[in-house]
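Chain naming follows the written order as A, B, C, D and E, and within any one chain the residues start at number 1.
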Amino acid sequence: MPDAAPAVPRHESLLRVFVAQFLSSKVAVLGLVMLIAFILLAILAPWISPQNPYDIGSLDIMDSKMPPGAKNFDGTLTYWLGTDGQARDVLSAILYGLRTSLFVGFVSVIVAFLIGAAAGLIAAYFGGRIDALLMRIVDIQLSFPSILLALILLAVLGKGVDKVIYALIAVQWAYFARAARGAAIVERNKEYVEAARCMSLSWHRILWRHVFPNCIPPLMVIATIDLAHAIALEATLSFLGVGVPVTEPSLGMLISNGFEFMLSGNYWISFFPGIALALIVIAINLVGDHLRDILNPRNEI
Amino acid sequence: MTETATLAPARTPRHDAQEAKLLLDVRGLRTWFHTRDGIVKAVDGVSLQLREGEILGLVGESGSGKSITGFSLMGLVDAPGRLRADRLMFGGRDLLSLSPEQYRQLRGKDMAMIFQDPMMTLNPTLRVDTQMIEAVLAHDKVSRKAARARSIDVLVKVGIPSPEERLLVYPHHLSGGMRQRIAIAIALLNSPKLIIADEPTTALDVTIQGQILFEVQKLCRELGTALIWITHDLAIVSGLADRLAVMYAGRIVETAPTPEIVGGARHPYTHGLISSIPSIHTRGKELFQIPGSTPSLLNLPEGCPFQARCYRADSQCLRAPPFAEVGPGHWASCWHQGVQA
Amino acid sequence: MSEPAVILGLRNVQRVYTQPVDLLSRLGGALKGGVKPRAVHAVAGVDLDVIAGEVIGIVGESGCGKSTLGRMLTGILPPTAGEIRYKGKPVASLGGAARREYELGVQMIFQDPYSSLNPRMRVIDIIGEGPVVHGMIRRGEKEAYVSQLMHKVGLDPSYRYRYPHQFSGGQRQRIGVARALAVKPSVIVCDEAVAALDVSIQAQVLNLFMQLRKEYSLTYFFISHNLGVVSHLSDRVAIMYLGRIVEIADTDTIFSRARHPYTQALIKELPVLRTDRRQFDTIKGELPSPLNPPSGCPFHPRCPFVMERCTRERPVLKPVKAAPAAASGTTAAGMDAGKRHLSACHLDDM
Amino acid sequence: RDLTIALRSEPSSMDPQFHSLTPNTQMSETIFDPLVRTDGNAKPIPSLAESWTADGNVWVFKLRKDVKFSDGSPFTADDVLFTYDRVPKVPNSPSSYALYLSTVDKVEAPDPHTVKITTKGPSPVLLANLSMVPIMSKKAASGPAPEGKTTVELNRGDGLIGTGPYKFVSWKRGAEIVLDRNEHYWGEKPVWDKVTYRPITNSAARVAALLAGDVDVIEDPPTDDLPKLKKDKNLYIQETPSVRVIYIALNQGKEPPAGMQGTDGKNPLTDRRVREALSLAIDRKAIVDRVMDGVGLPAANVLAYPAFGTSEKYSKVAPADAEKAKKLLAEAGYPNGFTLSLGSPDGRYTNDKRIAQVVASMWARIGVKTAVETMAPPVFFKQRNAFAFSAYLAGWAASSGEMLNPMTSLIVTKDPARGIGTTNWSKYSNPDVDNLVLEASKTLDDAKRAELLQKAGDMAMDDYALLPLQFELSVWAMKKDIRYGGRADQMTLAQYMTLAK
Amino acid sequence: MLSTIVRRLLQTLVVVLIMSALVFAGLYVIGDPVLMLASPEASDLEREAIRETLGLNLPLWKQYAIFMSKAVHLDFGNSFLNGESAMRLILERMPATLELATLAMLLSVLIGVPLGIYAGLRPRSLAARGIMSGSVLGFSLPNFWVGLMLIMLFAVMLGWMPAGGRGPVETFGPIQLSIFNWEGLKSLILPASTIAVAKCALIIRVTRAATRECLPQDYIKFARAKGLREKRVLGVHLLKNIMIPIVTIGGLEYGQVFAFAVVTETVFSWPGMGKLLIDSIITLDRPVVVAYLMLTVVFLAMLNLVVDIAYTILDPRVRLGAA
């Protein structure tokens, strides 16, 4: 043993440190638990929800707008959270809506992350014209109203959950591109990149193996915030009538549908999905906030 | 030989008439940071005496607690840090009993501080005159005009050409050396009794460093200001300080008049520091090296903090050595203190 | 071979940075007509031969172009003018395998032990990536290879799966050394490689450098602003001022018989341990901005011996007449490149 | 007292001849008067014309003598000529008023108080059409442009002078339109001194504005809120049957339409039995009760009985009968049903997309799997015209209040050249019906015309040419001290609002 | 010649060109304006006639070319819906949006900055955690939902504010503002608060981050070492430095609010430009949509420029780097 210091066990990896740090905040752990619970509920929705709200044949219009706790016509089913205007069980609709919302959120954020990160890294690494070009595209993207974009995409591609995802990706990738570029410019000037260049490594190797992993933390932070944003944005699009199809309602769709009933006293149709949305967004943000604290304590917006 | 016994003479400074009055008297200063991972004992039992007009060089490696000692004296320890001391007297006042407002009035008036990085110490968004005048107005009820005039005086003293113009610019227009001079000028504005200089030349080039040292030395002599010069470079302070104190892991391990330290260090760490300085004379030879690296201040093991790296360490060192006088005005904290290193 | 092999040759190497000009000043410029992009002559023309096996120290104040020069040597940064030759061949014309051989042959050790190691890679990958990618070793041999290197630089090989943040500053610097050694370089450029280290650690790393030099017969290009460190390590020292070399000679000559007033001042400034109180007596003024360097001799505004001529005419680097090395040497042309004492000062002409 | 009305949509222009659109029309009905008006049941009643006589193609209108414009100038036949002359000259009109004068050949003024109109052929709809064209003041609306005062000028109130009960004061686009009582009005003075219209497109916001007391009357409160609004003691709700029918059109082309599956390349919708089955599957009463909260009437025809030209036969809805529907499907060869798509606009008609979903679930119960496709109205109409659905839900308002209008637009075979069947996007074509409707359109004798129309309507309904679902009730909610009788044409007219006793 | 501004303008011009082309194509694929405009009873011939009067019968590229050739002379065409100049319609609506956006941003900054500084100063205190959790909520709840809840609470249940619409206005030349009028201000408060909820959350976050970034800086410590009062340290030394990111982000957000206050204006029937945009999109009133987006692109670009200049004023390092 050349050195007196005790050998640190091999498994004390970054991941370990990261996990330990993450677990140090109770609120964040609570957020994570909530988030996982929501994800599980969403995945298991077809098996645990009392009714399949997509199966329109099983809906009976006579059961519409039942208050929470009411039973259905032949008493076989209790609507714990009531029913909506289409006689959908609100609880089931929330579970399925959760599925749509989370799916839309996750998929759009992941794809936007990948596209944006690639564009941002390339812009930062090469600079000059490529940078200018990519950033102008980003500018255009950012000054284009998302609602109009969504409407155009929906008109061109038709309605569908996947189309909403395209719209959200188109809106979001630009944020990632900007952030990735900012992070990559900082990283590019660090000495380890020069060291890698000294090693005569190819640019793509340097970019992906060296620079990119170091840009992930700030991007992860944006990703969590964006996830919450994507879900909220989808809800807004649905509110403006350019969101997911009525037959596959997301939480946002449920809220905006239910809003018509808000003043009439049938509060549950909109209220419970609203609570679900608020909870999930809060859970994501709690996790994201803490991630930001441990991943990049300096740059926390 | 307990601490109290050895330090007894210093506690009655008035009797010590052959030299100037005791300005600063610190005993058992402990500044601990209560962090999530545990308690970081950044300063753990520092004792210091400083007479009026005396220049003390505080030397130590990075992380040994030099800056925190300085901040503790200034009452500027930040949030998770907690300060305790057996005795903290400054100019006859007990700093431990001061209210925050009284402490504020003391800061910048009777004791001033200069920081390491001249690029960061001046507020980049405020003009130099604003930053100087506010320092005067914080302590004296004088007109802005008088404050400005005083600023110009002091700028001249620290050797800044055409000070009126310099007052009107933003810090970033000035070079590092200029900025450091302005920081020194700000420290001098209210004619403090003590200046704590925290590595003020580390970030500067050799030639500029020389200029700053020159100005500071001159001013302290002229104004009779006491100075604590914090640095990690023994060579720099050796030509400046009357007395040196060497810090290691949050304590002072040796203190003595400069010639004594340079010529006859008693602590193995001090000795190691001195002999590991590279120079033209060491060319071609292998440098003396202290093995290992600086210990973490978190959960430092019992006993002498240097034992793990010390060539003289033995079982005795598992107990903390006392800080004892080993010669006239020469104190060291080592079980082997009698032995000249 | 009577003449030592020149491994890296620099001929009038220059590097100009054009700085983007900020908005308002550009507006101002536009109103006055004509905006010149501001050009920094970071390196304004350096001629230098690095001899295989020597340690050449480069000293100068902050911003005088030391790092820029070092980066150009390693090939990270292309020079804007002039020529760099590696083993006699101009590197600009190298391609393919020859280019790679050059790039790997000149390695760099960086100042900041924190930012110079990729925080998301394990030590084994940091050290082993280069040799594996370039096929110097097979993937399976990586572990053994890295372990052996780590051992060599004084690191416990069992730490090879750790990440950089689990090491202290001195240990990190050793990782950087191992990384450079891994591709079997012949020249190592050390850019302030010990400046960030504490004195006690600095001594360890300096000793390591010397030990490795012997073992691998390395050539060091040692950049530092600390004359003490340079004097300890180097065979030859070049003093830079505002992008140019103003004096170059072997270490003893520089420290005993420096000709250039700037070098003399630097040596006087060199802090040394002493028991008496020192009288500081310094060069006035500061390093001028490379944006608008002074006319004539760049040092003239600070020079205690300034003459009228100095403000007009820039002195060129030329052999010092009375230099003993020159006297003992043969003719100027065939003179041993490593033994010449050159200086750029008009005082030499008198 | 002043009155504030929340409108469901803002007029696009103040020019009474620019854009034929309900919000515009109701505004010009208040500021102007036409020669003839229609009453709440779409019957022509005198307005600026005291009386009229028709003789073949020549109509003679006797004008009221004591009428003054709101600026005090007298109203004469000249103004009528000017008005009718201006109609085709209005540029860039997105929906021209020329439509209403298309049957007019010639307009003359034998004397200042008589107008003689010659039509191109027998024109039974002339009176209804003229009621859509309000009379402008020649003096005020003349100008250098070919059309006199331009639309832009009129929008600012320049030249916007009528004989109506109110006169224009100001229009802040998107915010409010203010009218003042016309002191020169020839008829009975309306109750309100000043009327302010505020466009509040979001229906919930409209209700909120009423509840918050910001406005006195709102148009079209959401049906879901009605039960609660009705209970509110501070409010009064007026429900009036309207001329709007909500229907489902079935694509009856030879080829299976878009979205249809499981039919072996045939289009089952061409089979009358299938159409009947689909109709029987729909429980219209449930839709009216549960989706519309009672704000509608189950529909068996394209216009509610006893409107002109409707027959008693289709005055009542046959009860839903899923069993019979399944039997019919089986007879037609689809015992297991098939799959089709049902398009619906989202937000064009009251509860449109919800009705579509409910219909889909009802059809699902007889085995016809239905994919509901709802979309924003502009997208929907484009898709509909491209035949992108197997069936679609839409609405039709018979603005003239009689059967000829819906029959011509919805049922008659599409013939772009003759401009008939314009909204028949179902490819339904029955020459017998076409002939009857054509004949009716040329018959001046009311009794005879009614009979022809009844016959044509019955034929179409026997055929299940399209499936009427419900007639919308027009609803107004107002403060309890206000009364409004409501109108079948769904217009909100301030002059007919009164204070409750 | 003023190269930066010119370059920015050129870039903006390119963006405007691309944007208008995109919108042209986009609206074309959404649907046929004539279907939305014409009376349902109109015959195909009549529709064709309308198409012809509006120039919609030409190929799309030709329509675009015609539009562009007019746009060069600052004529952006007339609204399909009401025949008025599209740009005029927009400008008419602009003051309403302007005052909404301004009040919203003002509220956010006035509330957000102090809260953010507090949260940055005492990051571990209960109040700071409360503020941050609140900002998470404000940040992530959909805007329309917040607006509706505010209406429910303050307009319907409490009856303190009007539920929507714009109150009485004061006229200043061609501009009408409701902010100088108590009744008008009342109708402005709810929609402004709706926007402010989200923006305030953002400002809190930015401020907190900047504060936390700034606090450990030497110059703050040096200010304290000078013996300055805490009020001056925070009020001058800290504030001046954190204003830099706040102004940058605040400025950009102001642009976003101004250009796309669509949702809020819809919920509150606020007669601003956003409402006009969504109405025009729904009726496919292309001239208005195109003119609107051209205007906002130019506006956003100008705002960026202003933010940059403000940035250089706030941060002297940027301003006089060359001097």
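Throughout what follows, a residue touches a chain if its C-beta (ideal position, glycine included) is under 8 Å from a C-beta of that chain, and two chains touch if they have at least 3 such contacts.
These numbers come from a predicted model, not from an experiment.
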item: Mutual neighbours - chains that touch chain D and chain E alike; value: A
item: Count of contact steps on the shortest path from chain B to chain D; value: 2
item: Top-ranked pair of chains - ranking by C-beta pairs in contact; value: D-E
item: Label of the chain whose CA centroid is most distant from the centroid of chain C; value: D
item: Whole-Å gap separating chain A and chain B, where each centre is the average of the chain's CA atoms; value: 52
item: For chain C paired with chain D, centre-to-centre distance based on mean C-alpha positions, whole Å; value: 87
item: Distance between chain centroids, defined by C-alpha means - chain A, chain D (Å); value: 45
item: Multi-partner residues of chain E (at least 2 other chains); value: 30-31, 148, 152, 156, 266, 320-321, 323
item: Complex interface listing, chain A residues touching chain D; value: 56-57, 59-62, 64-65, 85-87, 151, 154-155, 159, 241-242, 245-247, 259-266
item: Chain E - residues contacting chain A, complex; value: 11, 14-15, 18-19, 22-23, 26-27, 29-31, 129, 132-133, 136-137, 139-145, 148, 152, 156, 205-206, 208-209, 212-213, 245, 249, 259-260, 262-263, 266, 277-278, 281, 289, 293, 296-297, 300
item: Touching residues on chain C, where the partner in the complex is chain B; value: 61-62, 168-171, 198-204, 206-207, 210, 225-229, 231-233, 251, 255, 265-266, 269-278, 280-284, 286-287
item: Footprint of chain E on chain D - complex, ascending; value: 12-13, 15, 18-21, 91-96, 98-99, 151-152, 155, 172-176, 198-202, 204-205, 208-209, 211-214, 376-379, 381-382, 385, 396-397, 399, 405, 409, 416-420, 422-423
item: Interface residues, chain B side, partner chain E - complex; value: 71, 74, 76, 78, 104-109, 112-113, 115-117, 120-127, 134-135, 138-139, 170, 172-173, 183, 186, 190
